[in-house]
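Two complexes come next, and they have one chain in common, chain A, joined by chain B in the first and chain C in the second.
Let's turn to the complex of A and B:
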């Protein structure tokens, strides 16, 4: 792979990751958000594969397959299961701020991401390091979704967005963490999402809906 | 010797899988005492490592090609996990009068213990992170064990806030790894980083350390990221609350100490010192404010944990061998006393049917069997001598004054006094006095085993005076962190 093609592929993957994250903030439909999250997972998997081919790192190729399988296929399936209901509450009805305000915040967070990423630029001027602000931005968008959405599944999506962002930064700056850590992290994330899916269905059974505004009984 | 390191995680995983695999068909004794067995193994291997350390002049024990490593600090933490675990699980081990727990309960307790032991034994910040996140996974359903709306709400908040907070710590660890990679030694092993001092980029390490400390502070329960703690600790079954308050918070604090030791040679201590001092004082203030008007006994104990992790954060911000040794003594004393207090609160719930403080009156007169251990534990948590929490708090304050943090220490003492008053004001009416028309004789029965609680409190009472090998262990463990 030539250097210019490598730089273009890394840039393309980063663009896909960022676009999916912005669209997740924009969309209200939960199924639409889950499809975008799956697309983002594929983007991340391809990014890892590109890095692996460029570095000639076989281990990274294994990780790429793992990321594709987990983030592109398994986790979206789990999320889809969490949205299966009889009364079809499939939209984020009551976000704390409306779509326009969210998109303005997205723009501000993008600038913040560039600011926060400045220390990382010390790692050099390679194409992956140049794309690090995208990872930071996806992480920050995850926080935005987590703190402004009130549907249980939306919060799950926010958590996974955060996780994708951190994963992106890990692959761009360090070519991923050591394999044993990568496996452990993937297992932890999968288990957390499964637990939250089970809790979501219990909340739905107990509170009659998956809107977290009802979870206000514990307070001082 | 290296095999000792594998013993606790291995045994916990094996027995947990066995219990889960048998699906309740196994002998009842296995279900009732699995948690006790796991704690005994942790305590035994912790003590073995401590003895080996004291006899072998400080060489660290490693296994699995250096993946697991026990220096004096790890040995001390493993011993604390075992001791607190044994206190909580044995005192509340089910007896004939009580139904046998469903198999998921002991299996999850074992996974919890195993994850904590991996966290303190791993010589890799990434594996440490995976283990800390695994404790969230293992305890999620334990918090939601009662299945009530409250338990469900607590479990949801616990998992979301815990995972998100720890995810921030992972971002920090990733950036640290990137810094080591660009310095030519891609590693997350702190023994390598502390031993070789590669030339890491300071601005990147500063960002990494800030994120990692912030993330693990969430799991430690430091304000302002503490909001999940009172919910989770008050809704979990009593022994699990004891384990979560008594050691899980300390294990997360241990992660902060390791991060600090790795980052300090590169960026100095100024940034981390102010970060931890702010979080510590804020935790003390928040805990005091919320204890003043607290209506529930278990939530009150949970806020007392926020107070004590605030003290630990202040000790970490002071740094140096005296403060860190005092912090480790505080970890042990607080762990044992808090486990005792939570088990006692569980017994109160079982016999009185409530943990609302206003509904609990004259406990010393009516139920001395439960009230005496609970009161002794509360006195230890208040920091009264002879309990070791008094000596550790004094040690931290003295160290702070020595290192020029006089104002911070003055604020800490003032807040500790306020917390003392708040706790006494809430709890005194619960224990003291008796109604004149109360004709029933005092109920001395206890719905559990008092002996482990008595031993735990006795250890807390003498630990502050301990000299000789115990003092050597504490100073050695502190030296691991402040080594040049």
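Let's turn to the complex of A and C:
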């Protein structure tokens, strides 16, 4: 793979990650958000594969397949199952701040991401380092979704966005982590999502909805 | 650029004139195509490709009837819109990247000429003093105020790698290096630009061009009081805008066919390429329109804020590819 093509592919994957993250903040329908999350998982998997091919690292290729399978296929499936029983209630009720405001916040967070990752960018000017702010931005968008949405599944999506962001930074700066660690982290995320899915369906069975704003008081 | 000393830049003039002619012919066909595609997908027969032509010919033959108390604005507005649309058609690098030295197809020139037409239509809507006209104009200006920054920012993002805000330089740079079309900057900016173009030309989901339901119309509300020749100019002017903007989008996405040196066969080929691009773009747009509903007016700012953010991200991403 030539250098310019490598740079372009890394840039393209970063753009896909960023675009999916912005669209997740934008969309209200839960199914749409889950599809976007799956697309982002594919983007991350391809990014890891590109890094792996460029460095000729076989282990990184295995990690790429793992990321693709987990974030592109398994986790979206689990999330879809968490929403399937939700009869008709597939739209996020108005988030804590409206969509226009959160989109403007996204722009501000992007600037913040660039400011924060300046020390990292000082390390060099290779394509992966140049793309680090995208990872930072996706992490920050994840925080935004996590803190402004009311629906349990939306918050779960925010959590996974956060995880994708952290994963992106790790792959871009360190060229990935050892396979064992990656396996551990992936299993961890999978377990968290499975547990939260069970919890969500329990909440829904118990209270008839998954709006977490209703769960502010303790009652006997 | 050699002819500038002589006062007339002949190649640029040729390109500009041929663009105007080609777009005047193609734009009504594009509208006809979009209506036909839409009709066929909805199970209707539709009026056919030539129907907009026939409409305009019929309207041009009729004398305009103006409401009592309207000022010269009702007379001048449609002509200003038509003139500004023709200037936009002449300036856009749709057939060739040869441009005038004195008045290049600079981003800011194009956007200001577009805005001139927008304001003219809004004034026509206000002039007759009807409730619908005023409502339409007010909505139109709100949307325009939200769209213009996005257009500026999106094209600015595209201009950073080239180092010039002249549209033909951007297209020429893309012709030289086709891979740059698929760079993150270009993808984000084009997506933002596409949403802005849809809003600017009053297509679904921002405005329904086929509606006459008073609560939802934007463009139709403004031209409600116009008739005859006035209406013909207003319609043709807005079709030309759609054709030019759609053409710009298609040219930025697929710059092939645009000539850099003026020659008769080259221009012919470019015109053919442009009609193919416009056909594809119009069919796509019409197909998408079948599947979306008009968004509530209060959700329009949300859509445009989204496209603004995409354009903004495109600007930031342009520093991502070329650090430093």
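To be clear about the criterion, the second predicted complex is superposed on the first by the 215 of 220 C-alpha atoms of A that agree within 3 Å, B and C clash if a C-alpha of one lies under 4 Å from a C-alpha of the other, contacts with A are read in each partner's own complex, and residues count from 1 in each chain.
Methods note: a contact is a pair of C-beta atoms (placed from the backbone, for glycine too) under 8 Å apart; a residue touches a chain by one contact, two chains touch by 3 or more.
As the structure is a prediction and not an experimental result, all values here were calculated from the model.
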Practice task
Would you mind checking whether chain B and chain C clash or fit side by side on chain A after the superposition?
Solution key: fit
Exercise for the section: Look at A:100 in the shared chain and tell me whether it touches chain B only, chain C only, both, or neither; answer first, second, both or neither. Expected result: second
Exercise for the section: With the two complexes superposed on chain A, say which partner A:63 touches: chain B (first), chain C (second), both, or neither. Expected result: neither
Practice task
Pick one for A:191: touches chain B only (first), chain C only (second), both, or neither.
Solution key: first
Practice task
Kindly classify A:131 by the partners it touches after superposition: chain B alone (first), chain C alone (second), both, or neither?
Solution key: second
Exercise for the section: Go through the superposed model and pick first if A:36 touches only chain B, second if only chain C, both, or neither. Expected result: neither
Exercise for the section: In the overlay, answer first, second, both or neither for which of chain B and chain C A:7 touches. Expected result: second
Exercise for the section: Answer with first, second, both or neither: which of chain B and chain C does A:18 touch in the superposed model? Expected result: second
Exercise for the section: Give, as a whole number of angstrom, the minimum Cα separation of chain B and chain C in the superposed three-chain arrangement. Expected result: 19
Fill in the blank from the handout: The answer for chain B against chain A in the complex is residues 67, 124, 126-127, 129-130, 133-134, 136-137, 140-141, 144, 147, 149-150, 152-157, 159-160, 163-164, 167, 170-171, 173-175, 177-179, 181-182, 186, 188, 201, 203-204, 206-207, 230-231, 234-235, 290, 293-294, 299
Problem - Partner chain C, residues of chain A touching it in the complex - result: 4, 7-8, 11-12, 14-15, 18-19, 22, 26, 98-100, 103-104, 106-107, 110-111, 114, 121, 125, 129-131, 133-134
Completion exercise
In their shared complex, chain A is touched by residues of chain C numbered 179, 182-185, 187-188, 191, 301-302, 305-306, 308-310, 312-313, 316-317, 319-321, 323-324
Practice task
Would you tell me which residues of chain A are touching chain B in their complex?
Solution key: 116, 118-120, 122-124, 139, 143, 146, 152, 155, 159, 162-163, 166, 169-170, 173-175, 177-178, 180-181, 184-185, 187-188, 191-192, 195-196, 199, 202-203, 206-207, 212, 215, 217-218, 220
